[in-house]
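What follows is a single structure, and I will ask about it in a moment.
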Amino acid sequence: MELTFDLGRRVLEQQPFSRLLGAELTRLDADGAELQLALRPDLLQQNGFAHGGVVCYLADNALTYAGGLALGAAVVTSEFKINYVRPAIGSRAIARAAVVHAGKRQAVCRCDVLVQDAGSEKLVATALGTIALAGTKND
Amino acid sequence: MELTFDLGRRVLEQQPFSRLLGAELTRLDADGAELQLALRPDLLQQNGFAHGGVVCYLADNALTYAGGLALGAAVVTSEFKINYVRPAIGSRAIARAAVVHAGKRQAVCRCDVLVQDAGSEKLVATALGTIALAGTKND
Amino acid sequence: MELTFDLGRRVLEQQPFSRLLGAELTRLDADGAELQLALRPDLLQQNGFAHGGVVCYLADNALTYAGGLALGAAVVTSEFKINYVRPAIGSRAIARAAVVHAGKRQAVCRCDVLVQDAGSEKLVATALGTIALAGTKND
Amino acid sequence: MELTFDLGRRVLEQQPFSRLLGAELTRLDADGAELQLALRPDLLQQNGFAHGGVVCYLADNALTYAGGLALGAAVVTSEFKINYVRPAIGSRAIARAAVVHAGKRQAVCRCDVLVQDAGSEKLVATALGTIALAGTKND
């Protein structure tokens, strides 16, 4: 099934963990996927930055959406790598992912995670990973 | 400051995101670090598995604890890579991390994430990453 | 086709690049794969260490052999990550790879690369990656 | 010491392994680094494609050059991840790397590897990694 913006939002709404974190799908088009979430106090670590787990959640999920654009709605993240480049200090985190290369069963995607603060955006992490059609990843 | 089990538990308690997820530090000794969390319904994705974001949170955090054993308490995850190998279906997730190699400012660590169900454990993901002394990662 | 030690050696012999580097398959059994090569002067970089390209060649190829044990002889490396932990100074480099998890079409494998010098072995790099059946990776 | 194009070419010339493979630094400027090599028969694997080890050598080295632009000439690759997306079939391989984020001691860089054939270019791999000042990586 083709992954449209509407379907993408419904899928996100069906993920209890994404609801817990308050993630929102803010864009899904030919150029890729964008997820955002407000950096509420309970998403932080002990120094007041967004927890790495929040940042990697966003990267993982945005990569999956980007892969879904190429492969269809039923996809999973097979693997990814993330480099944290700055403490995630800000009011909002934004993940932007795009397809680098897609085959029939797998797509390689990349993702940048940024934080927004006082109107400016700063890169906090960058990721690269493989998205696979569900049911084929480990067959 | 040396990272002891007691200090490790206090640090985890000071991470709002770790409290939100209900993570618990269950071991921290010369052999490495172990984190656990109960897979409550709000940690799942749309198919009833633990969300990838929960699994990568656990891997990220367990890697950091393992690195802290070698480098001291003030450490951050610099980067890591994770391979998901099975849907995370179970009542409990467990991340076990250990140091592969440590220098003065960085440690390379690996981590396995398992789920426990009906008494048995299954590997669901494996990760490899770099932990750095806080304040040195991107200096 | 099942990947046996003999077949593995013939495949390596058919790789012109592996012959150029002088790589040798020294073990291939249920526990995994081992490749070795002598660190000739023309495999070094400007400081006299084995070039990173030699180390990642070894890791890549050993991961592929380990994946082949699980999936059969016709496999390719889909992706991998490598952490260099020490300068590769020694007379011989050894890569030891094993399967972490195997499905029907993909296997996640890990690999350590060591150098031998004056009788002792030291870890110089560690890698983690995905091996796929040839023809399926990017279908 | 600042890494200039001329210095970069001299460093490559001092790497015996880069000479063995015939790599050439074809660009090094504010936008990043480009390395090229002719895909001679002895750089191939058993199916006539460039060996993965050649592709990851190029990625590794181009990442290092890109990092050197930000950090100075004395740098090493700390870690990287590579996704192979297509068989590397062509007459020439080209790696193009750029800095994603640079601190004082480390830079996160990305790299695409392409093959040229009959005038067109195709992406064969993409990589993401960390470059560190020499002497600091594993301190």
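Per-chain numbering from 1; labels A, B, C and D assigned in written order.
Everything that follows uses one rule, which is that a residue touches a chain if its C-beta (ideal position, glycine included) is under 8 Å from a C-beta of that chain, and two chains touch if they have at least 3 such contacts.
Quick caveat: nothing in here was measured; it's all calculated off a predicted structure.
Novice: Please tell me whether A-D or C-D has the greater number of C-beta pairs in contact.
Specialist: Result of the comparison of A-D and C-D: C-D.
Novice: Taking mean CA positions as centres, which chain lies farthest from subunit C?
Specialist: Max centre-to-centre separation from subunit C belongs to A.
Novice: Would you mind pulling out the distance in Å between where the CA atoms of subunit C average out and where those of subunit D do?
Specialist: 20
Novice: Cα centroid separation between subunit A and subunit D, in whole Å?
Specialist: 28
Novice: Mind pulling the residue numbers of subunit D that touch at least two other chains?
Specialist: 78-79, 81, 83, 85-86, 101, 103, 108, 130, 137-138, in rising order.
Novice: Inside the complex, what are the residues of subunit D that reach subunit B?
Specialist: Residue list for subunit D touching subunit B: 78-79, 81, 101, 103-106, 108, 130, 136-139.
Novice: Under the touch definition given earlier, write down the residues of subunit A that touch subunit D in their complex.
Specialist: For this pair, the touching residues of subunit A are 81, 83, 85-86, 100-101, 103, 108, 110, 123, 126-128, 130.
Novice: Note which residues of subunit A are touching subunit B in the complex, please.
Specialist: These residues of subunit A touch subunit B: 11, 14-21, 41-46, 50-54, 56-58, 60-61, 64, 76-86, 137-138.
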